[in-house]
Each structure stands twice: as structure tokens, then as C-alpha cells.
Amino acid sequence: MPRLRVGIVGATGYTGGELLRFLLNHEGVEVTCITSKTYGGRPLGESYPSLRGFLDLDCLSLDVEKIAPMADLFFLGLPHKMAMETAIPLVDLGKKVIDLSADFRLKDPTVYERWYGIRHASLPHLSQAVYGLPELHKDQIQRSVLIANPGCYPTGAILGLAPLLKERRIELDPIIIDSKSGTSGAGRRLDLAVHFTECNEGLRAYAVAVHRHTPEIEQELSSLAGQPLSVSFTPHLVPMTRGILSSMYVRPKRPLPDQEALALYRDFYRQAPFVRILPEGRLPDTKHVYGSNFCDIGMRFDARTGRLVVISAIDNLVKGASGQAIQCMNIQSGFDERKGLWQAGLFP
Amino acid sequence: MPRLRVGIVGATGYTGGELLRFLLNHEGVEVTCITSKTYGGRPLGESYPSLRGFLDLDCLSLDVEKIAPMADLFFLGLPHKMAMETAIPLVDLGKKVIDLSADFRLKDPTVYERWYGIRHASLPHLSQAVYGLPELHKDQIQRSVLIANPGCYPTGAILGLAPLLKERRIELDPIIIDSKSGTSGAGRRLDLAVHFTECNEGLRAYAVAVHRHTPEIEQELSSLAGQPLSVSFTPHLVPMTRGILSSMYVRPKRPLPDQEALALYRDFYRQAPFVRILPEGRLPDTKHVYGSNFCDIGMRFDARTGRLVVISAIDNLVKGASGQAIQCMNIQSGFDERKGLWQAGLFP
Amino acid sequence: MPRLRVGIVGATGYTGGELLRFLLNHEGVEVTCITSKTYGGRPLGESYPSLRGFLDLDCLSLDVEKIAPMADLFFLGLPHKMAMETAIPLVDLGKKVIDLSADFRLKDPTVYERWYGIRHASLPHLSQAVYGLPELHKDQIQRSVLIANPGCYPTGAILGLAPLLKERRIELDPIIIDSKSGTSGAGRRLDLAVHFTECNEGLRAYAVAVHRHTPEIEQELSSLAGQPLSVSFTPHLVPMTRGILSSMYVRPKRPLPDQEALALYRDFYRQAPFVRILPEGRLPDTKHVYGSNFCDIGMRFDARTGRLVVISAIDNLVKGASGQAIQCMNIQSGFDERKGLWQAGLFP
Amino acid sequence: MPRLRVGIVGATGYTGGELLRFLLNHEGVEVTCITSKTYGGRPLGESYPSLRGFLDLDCLSLDVEKIAPMADLFFLGLPHKMAMETAIPLVDLGKKVIDLSADFRLKDPTVYERWYGIRHASLPHLSQAVYGLPELHKDQIQRSVLIANPGCYPTGAILGLAPLLKERRIELDPIIIDSKSGTSGAGRRLDLAVHFTECNEGLRAYAVAVHRHTPEIEQELSSLAGQPLSVSFTPHLVPMTRGILSSMYVRPKRPLPDQEALALYRDFYRQAPFVRILPEGRLPDTKHVYGSNFCDIGMRFDARTGRLVVISAIDNLVKGASGQAIQCMNIQSGFDERKGLWQAGLFP
């Protein structure tokens, strides 16, 4: 069987690097094209010394007409806006596209406009796009040519709450999501906020009440609940490289002991190889999913207050970005969902 | 004026070390006695190389009758149970005691017994003790010989919510407190959970729904609210040495814009030199209070969901333990509240 | 072809965990037996939550007669002394053994006794053992049943100096090796020296002039040089999880410009897939080999002082331990040297 | 006595922040003027939230004529070149200047030109300047109006080797200095090399053989030795915020047991309150001097190789920069050398 030819647009950011790390071990694909604004014309090893010896390609500049013939499927690791401007012509040229930006995630273009401050470039393409969370939308992913890969925070939050909402087990208000992320989520762009000297040994919240991942979480959770809901979502920056831990506070309609809750989750995710529901009494640690595509979920019901605390852990660059994108590609292109991704995290 | 003679029982744990760091620069006191179980008979510098050259005392073993005459006031850095067994005879011998354990924090002995699993050793002493949070109980601290220094998590949580409850501005349910702590809160005792290799680059929740600081928070917040309330409190372990950030989610009875909320806080804390209410739009960072006795507080009202997020940052070893204990000593012994403590945090 | 049945003795230490991480993706082997002193009788996931879902084996207690039939090859992740006491009977029972301890590394039993303070348990087995550094001893590894896997520091130091000594390009005195290691090198045993709170944000040297890896480095470098030599070796503990960077200071017999030095290295290692000689002007970073089996080497000649500085970077748990052990297994058992190990490091 | 009026030019970099942290607790001085290019016109708390509540000054733009009347002594936290262009007119206007840049450190202007690539702006001022290492040049510092504060690496290296060279106890070749620094040494300027995500969990050498602190070390060591010498100096970047550990490798002319070496050091530094010679068998840790002005020194003679390893630890921002500058100010202005600086480091 000929290998699937894959291109990576924006290959020298962190999501690009992670795509390469996995794809270079994926026997069904061949990376045939990489582009980079910053490292255009230079060999990949300049940008990613960790990949020296693995791929002998130079980075190209981004020119859709020029790169389109070079691959069958493109991953886009671009800022929003530039992402849709690249995805649209690629799709029109018959290419499969998996977009890691936010441009095709929000079904309602007015919501997109409200949170991103710009108008969407193509409603037909938007309506064609599928939200690429395989645990919820596997069938659609299989049939789509344009996949909107979920944001890192939404991945952990949605997977952590889906069974409860789908099964109508909790009140819809309040739903509080307190998320903590490592610094790689901020990308490779220089910023005093992630200057080592300023953020090491420090911890803070940011974008309280205004983070752009909020509508994405609400869209998917509302869909699961069958009615609109809103969430309080607060992201925090933690002095570590990778990982998102989300602590979610909800109120079950009636007491939901740990065993029952865990059984509900296990059942909901029985077909999902990358979701691991932990044994009773265990809680997730981002270190246990470090570098891997797993989402670990644990929970504890507090009978005293009637509240359930659900906790999920992912690697923001893998299940929260590139790993999930490859999982989508696998589904979309007929590979085993786990292909190239079935690795344990790096511990310690 | 003769200096106040101060003894530190359990001087070689982290709270002991921090007490020394500040007291050795406090012109009104003289440290005359230090005890240590682990380092008994050895010079302080063996346990705290950072203090070499500052204090030429050997660590004694703990023998109440022997040490009592050596100081006028004792700080106790002992595990609970051992703390009350030491505090009681010291108080009976006419000594002032500032206890950093939980033994005298909970006014209701049945609550103490429920959460700590042992019976309290002396109800008369318990009823005599004052909860040593100067921002709430300054007058009582001034008159008491037995001070129960607050826990690290409760300090940040109570200071973050006090104005809202005192002024009856929020619903009493739900109150959700999501706290994140550096590793020094776990003390100097060896444990795989804080083994560098296991906890660096990892993030996790622990003791969900069962952490012993919960009743302490509820006691003080109930007292402020004028009626019993309960909170959902979840602690997390973050790969950094010092600092606690608490993110608190509450619902104001009516919309509470940021400016109004901040004005309420500024007014409430106008006499509290160690509480800094940040300007509108700024949020606390544990790094900005690193090594200092400040509690920084910021907040943001989310008009979309009607929820207010309050965030407080402290150094768990200073305002969350030893600095606060010295603040209590200052008040109790007639010094300026800031004496020996008026230092900016270490940034970066 | 039937898979090679592999057992891991001491599977729940860090080297055991790393062996499993790689072996579970190695298509030529099957892990059939794991033992653990600490986690005996419990499932692997208790000790290594990152491996949940990968291997459904419980940890056994170590009983040589009982485990011997269960596998064809055993990796030993045991403390020295216990390692040789286990290796000897396993070899005598016809098993292949790759020992990750120091017990079979030093050819001269008097040197072993001087540095380890005990007598070697079996000179015949010692003389049969091969020092498992594939870049130097590939042929012998292929023919041996007992392989002494090199220490972490020696791996980086020997690979960094081998070409210069083999080609007689440097003076034999002084050879100075200043190495810096992450904390995982200290293992999983609790110790205040690697308690997060005590070692984070700290840096120190240890075991200066007396570290047990010294004779191992000297043995291999002397053999390359064709005459006895001694080195000054100083290890340091760095607040990071993985990685060893070794900075080596030597004096070339005549000026050795960077290009010439690099060419010498490239030639020496042309058959060594896991040694990457960096381009001129580039220096290694432990982060570029994180989690991988590579040894990256760079260098710079200082014409001003006539000294050459060679720098090597490895992941101490992979090329410095478990990865190298699997590389030896591959060679010994007829697999491609890279099998199961050909992965890029985790960056960032 | 009126307070000394102090100005800080370039107050919002890390050295500026550290100057403020100490000066605000120094009873003999008053900070009357701060300038900042980046934060001009804004209150100090915007740049240094840790200092909120301590100093109610806005940052000025740098205009020598305008600021000169505002203070008696100026600290300059500027890049080289800009530093001398500011220092010269300030000195000419009768102000005392303590310059934290390299501009007045190198006595020989040709050496300055060779390493910095520009010509020195004023030889008369250069010849007037004193190298502000109080342990070596106390008398000159007392009499000078222009002090060149030493570099961070040179401080640790020179203090670590001075006694041996002054007492002619070691060979002059080779002298190898392997230094490891936290990231704050790289300043507040954004750079991928100190982007958290790229440098956390990574370790590397940089500027091998070409670091600009080399001639400064050689100048002072040559002066101590009474003859020219050269050193091999290699800096490394370590994933921690503060601290420099320097490991120095030298050959004593005759065996120099630890006790004898330590006695030599204790004698040499008997008047130096900020140098702590550790007890035999102890080695320095940067964490023991964190945030303090101490230089801790330990050593070990290796009888096997005839080499002595000396290790020094400083906080690069304090003894390596701002603390040392204040120590110079104290000496120069008649204060006790320790005033405002006599604090233990922050441990843990």
C-alpha cells in the first residue's frame, strides 16, 4: 500500500515538532513537505535539533499552490485567520486538511466573530468541518476532509465532563473548570510571561472569564447536554513544560458515589483507547501522560457538600494538539486509531 | 528595652528555618533556644547551611522543663498532637506560645476529633487559644498567650473571601476553592510524592474532599458570614518550591463589577499592611510574594456567568506559616506589626 | 520467528520503567516476567501509572530458580552485589544477562574491591563479561552472554573522548571531566538530597574525587590510549529530571581546529547510529536527547589556551542506562541495533 | 545624619530590582531617582509587582543632566557602551558612580577593545576606576568615585582562586573554570535560549572559549599571581532562576590536603564577612546562598591525581551583581560593609 503523503504547514512550532516526532515513526505515512516562516530554507535540524538524523528535508516557505501537489493531507500549525486562509484553498484543491487552529471549531460564525474579533472567511467550509475529538465524533471524522482539531484546554475539559452531561447526571449550573497548563501551551513566540526567569517558581491565573477556549467547551458540552449551558473556565500557567490538569466542579442531581461514577465513565469510554479511567481512589497526574496521547481521568464525590470533582490530565502538545490530530488522521485515513501513537508517556 | 527571648521548638523543619531567617533580623528579639529531634546536639548550620554565620546555637532535645526557663515566648513547629502536648505545659509555666500546628485552630473539639482522629488534650487551653489571623483577630491576638497560627491554605482562602462574606455580598453555596501549592508545604519529611524526579514536571490534585484544612476554612468563613457554610476545597501540588495560589469561585447576590469589588476589598483591608489589593485588571502571581509576608489579591467578575473569581497568592512558608506567626508575635508583644517582616519578595 | 522472552529483575526502579517503555514497543521481544522488591504481588500500574494499559503483569518477588524458566534473557536493575548474586546463577542456568549495575564492569577485581569495598563473587564470570558500550565493543557484545551495561556518567565521558585517545591526538594529563546530571540518576530511593524542596533551584557538586564511576572511565580510556591514564572526574546534581552533560577539557598534542576535530569524530562514529556529531559551531543540549538513545557531541578548540573542550549530552536513563541495555540486547540477539529505540527525543 | 541620596539608572532590569530590594531596607540611604527605558513614566510596581507598597516613584527617562541633581550616587544597570557614556558625565558632574556593566572593569583598553569590539570612551576615567571586588580592593574602593562592579562569573571564580594564587600554591597552567549559571544572568531581554519551554529540563554550555568574562578573570588572577596567566573558562546555562556554581581545577605545586587548604582560605578571608569557607567535607550549594550576598567556598584535594578542586557558589544577582554593588557603596560611603545586606539566603 502506498504511504499517505503528509505535509506540515508551520512545522517549526511546537505542534509541528510533535507531529513530526510521531509521524516519523508512523509506518503508513511519509512526510513529504514542511513549511516554516521562521526557518524557511533551512534544514529541519536547525529548528529541531532533537530530530537530527530523522528527516532530511528543508523548510519551505508557505505557498499553497506550490505545496498542494506535494502531499495528500496537510496539518496546519498556523495562527488563526492565517489557518483558514490556507485551509480553504487546500480543501478546494482536493486535499485533506487537519487544522490545529481555532478557525473551524466554532459552528456558529457569530460566536467565532464575537470571541476572535474577525469574520469567518467561508461559511461553506465551516459547515463542512468536523470538530476532531475522536471520542465524540469518530464517525464524522471518518467522513470529513476538513477537521478542526480541538484546543488543548477543551480536550481535557470536554472529555472530563462528557459522560455526566450525556447521561444527564448533573445540574447544568454551575460548571466550574479550573485548568492548569504547562508553558508549552503558550507556543514558541517570545513573551515575558514565559521567560524562564519570570515564570519559573511562579504560578498565576490569566485570561480569567475571557479565554477563547470557553465557547469551544460550551459548544460541545451544550451539544452533549442537549441544551445550552455556560461554564466558568479559568486557565492558569504552571512552571512546567507540558501538561494540562483540569479540575472540574459539578453537582450531581443525586448522590453519585465514586464507584458508580467510575463505572459510568468506563462504559462511556469503552471504545476509546486513549482515555484511561483510573481505579477508585486514584487521581491523574500530568506526569503520567507526559509525551503520550492519553487522557487520564479520576474523580471523587464529596458527600459532605454534594459536589463531584472530576480531574483530567493530558499532555497539551499531544492529546491536546498533535497526537489528537494524528488520531484524527488515522481515523480519517483508515488506519488503526492507535497507529504511531501507542506509546507510554515518559516517566519520570 | 530588653529583648524578647524567643525559643523555637522544632527549629530544623522549614517553618523553623523561616522563623530564624526573619527573627535574626528582628531587633526586638533574641533567639535563645532551638530544639530539633533530627539534629539534636548539632550546630544549626548542619541543618540550615544558609544560616551559617548568623546564630551560634546548638539544637537541643525537646524537654519542656529544661527549655521553659530559656525563653519568654515559644514558637512550636511540631506535628499536631505533639504540639498540644508541648504547648499546654509551656502555657501553664507562664510562657507565651505561638503554635504552628492545627491543634488549637478548631474551636469545636468534636470537629477537631472528626478530622484529626484524636481527642483534644485540653479544652480549657483550646478555649483560651486565638486563631492567629491578624487581619481578622488583631485585638484578640493582642490579649492572648496562646495563638493558633493558621494553616497555609486557610490563610490564602480566608483572606480572599472575608470581605465578601462579612459584607453579605455573595451566596453561601457554592463556594469553591481551588488551591495550588508548592512542595515546601509538604515539609521536610521524605516522601515519593515530593521526590524531585517524581514531582518535577508533574501536576496533580490530592486529598480531594478530605483535606484537613477544610474545617478551618469553614470555621472562619462561617463566623464571618454569621451562619454555617461549607466549602469545596481542593488542593493541588505544583512543581515549585514556594507559594500558594487560590482561585475562588463564588456568586455575588447582584452583579459586582471589578471596581466595586476592589473598592470593597481595599476598604476592608485598609489597616492590613500585608494584604495588597491589586489594581483593576491585575492578577496575583505567587512569584510576586516569594519569600515575603504579603497576601496579594485580585479578582474578576464574569458578567456572562454572573460569577466572581477571586485569586489570592501567598508564600506558604511566610504569610502561610512563619511570617504570620511573627506578625502575631509582634502584635502580641507590642512591636510594630511589620517589624522584621517588612521586606519585598525575591523577584525574580 | 518466536519472540525473545525477556525478564526484568528490579522492574519498578527508573531503569526498569525505561526498559519497559521501550520493550513494549519492540516487536521482537515479549516481556514475560517482572520482579520488584517494593511492589511484589502488585500490578505494574501501581508502580508505573504511565504504563497502565500496556502490560498486564503483576510484579513477582525475586527467586532465581522460579523466574529463570520464564525468560531467555534477563535485564538486572539491582544494586551492586545483589546484581552479581543474581546474574551468576542465571548465567549458569543458560540465560543471557544484561546487568545494569557496576558488578561486571571493572575487569580488574582489585580495582572493584578498592572502589566498592567488597570482593567480587566470581572471577570466571567477571572475565566472561563484556563492557556493553556498543560503539566500542560491538563484536564482543555479539558473542557474550553476560553484558555489563556501562554507567551513565562513563557513557557520556567515554564516547566524548574515545576518538581523541584512540587516535593519540591529546596529552594524557590532564583529562578533566566535569559532568552535570539530572536527579533521576539518583534513583527512586528517598533522600533529602533529591527531595524536591531541597534540590529545586539549587546546584552542587558531590562525591568530588571519589565517585565510583571514575575507575570505569579510566579503564576504558586507558584501553583506548594503549596505556594507563587517570582522570579528574567531578559530578554535579542539577535541578532537572533527566540528562547528563559532560564538559571535557583536554590538550591536543598540536592545534586541532574544530573542523578537523569534528571530521575525526565523524569518521570514528560512522557506524554508530546513536552518536550524533553536531555541525561546527553547535553544542549539545541535554534537552535535544531527552527520552532518546542518542549521544550528541560537539566541541570547540580554544587556540588562545591550546585547549580543546568536548561536550557530550545523553539522557542518563536511556543511552546512560536502559536504552543502551536494549541496544546491547539487539546486537547480542541479532536484531537491528536500532530496533525499538529509533525515536527522537521529546522536545520541548 | 542625612541619608545618602541614591539613583538607579536602568532600574527595571533584574539588577535594578535587586538593588531596590536591598536599598529599601538600608537605613542610611534614600532612593530618590529611578530610570527605565522600557517602563519610562510608569510606576515601579508595573515593572516589579513584588515592590508594590515600598517605593512611590515613577520611572524617569534617562537624561543625565536632569537626573544628576537628584542623587549623590548612581548605580548604572545599563548595557556596556551606554554605561560608560552615562558614567563619564555623571562623574564629571561630581557624582559617585557604581557601574554594573563591563565598561570600566578591564584596565587595559586594548583588551577591552579586543573582547567588546569598541574603543573605550575615556582612558582617564578608565584609569580612575576601581574593580569593585571588596575582598581584594577594599582600600581602593574606599577612595574611588567610579567603581566597576565585577561580573557575575568573575566574582565566583576570582574569590575561589585568589588565596591559591596570592600564596603561590598552584601551577599557573592549566587553570580550568567550569561555571554553571541560572537563567537570570541572561537578563530580562527576551531570547529563545531562556524561553521557559526551551530551557526548562535542558542543560548546555555556551560561548565556549569566547565568553567576555574571561579577560576580567585573567586580569585579576594575573595580578594576584604577579604574572600573566590565562584560564579556560566555560559557562553553562542551568534550568534554575538564580545562582552560579564554579568548579575550578588546579594543580598545587605540592600536595595540599583539605585541612591545610581550608586554613589558607580562612586566613585569607578573615576580614571578609561575605565569604564563608565551609567546614572540611562540605561543599557549596547555590541554594544555600539564594538571595544573599554570600560566596560559599569548599574544596577537595584529590591525592590520586594531585589535583585540587575548588568550588564556589554565589547568587549571581546579589554577590554577582547588586549585592556586591551595595557592598561597594557601603565601603565607599562609610557605612558598615554589611549594612542592608546582612540577610540569610532563602532556604528552601
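All chains are identified by letter, namely A, B, C and D, in their written order; residue positions are counted from 1 within each chain.
Operating definition for what follows: a contact is a pair of C-beta atoms (placed from the backbone, for glycine too) under 8 Å apart; a residue touches a chain by one contact, two chains touch by 3 or more.
Since this is a predicted model, take the numbers as computed values, not measurements.
*Asks:* Measuring centre to centre, with centres taken as mean CA positions, what chain is farthest from subunit B?
*Replies:* Greatest centre separation from subunit B goes to chain C.
*Asks:* Does B-D or A-B have the larger number of C-beta pairs in contact?
*Replies:* A-B
*Asks:* State, to the nearest whole Å, the distance from the C-alpha centre of subunit A to the C-alpha centre of subunit B.
*Replies:* Roughly 39 Å separates the two chain centres.
*Asks:* Need the CA-centroid distance for the pair subunit B / subunit C, whole Å please.
*Replies:* Result: the chain centres lie 46 Å from each other.
*Asks:* Taking the mean of the CA coordinates per chain, how far is subunit B from subunit D in Å?
*Replies:* So the centroids are 36 Å from each other.
*Asks:* Going through subunit A residue by residue, note those that touch at least 2 other chains and give them in order.
*Replies:* 14, 182, 184, 197-201, 239-242, 285, 287-288, 290, 348
*Asks:* Of all residues in subunit B, which touch subunit A in the complex?
*Replies:* Its residues touching subunit A are 174, 176, 178, 180, 182, 197-206, 208-209, 230-232, 234, 236, 238-243, 245, 247, 249, 251, 283-288, 290, 300-302, 304-305, 307, 309, 311, 313, 348.
*Asks:* Can you tell me which positions in subunit A touch subunit D when the two form their complex?
*Replies:* Listed in rising order, the residues of subunit A that touch subunit D are 14, 182-184, 186, 188, 190-192, 194-201, 239-241.
*Asks:* Which stretch or stretches of subunit B touch subunit D in the complex?
*Replies:* Against subunit D, subunit B makes touches at 14, 17, 20-21, 24-25, 48-54, 184, 201, 241-242, 273, 276, 278, 282, 285, 287-292, 294, 296, 317, 342-348.
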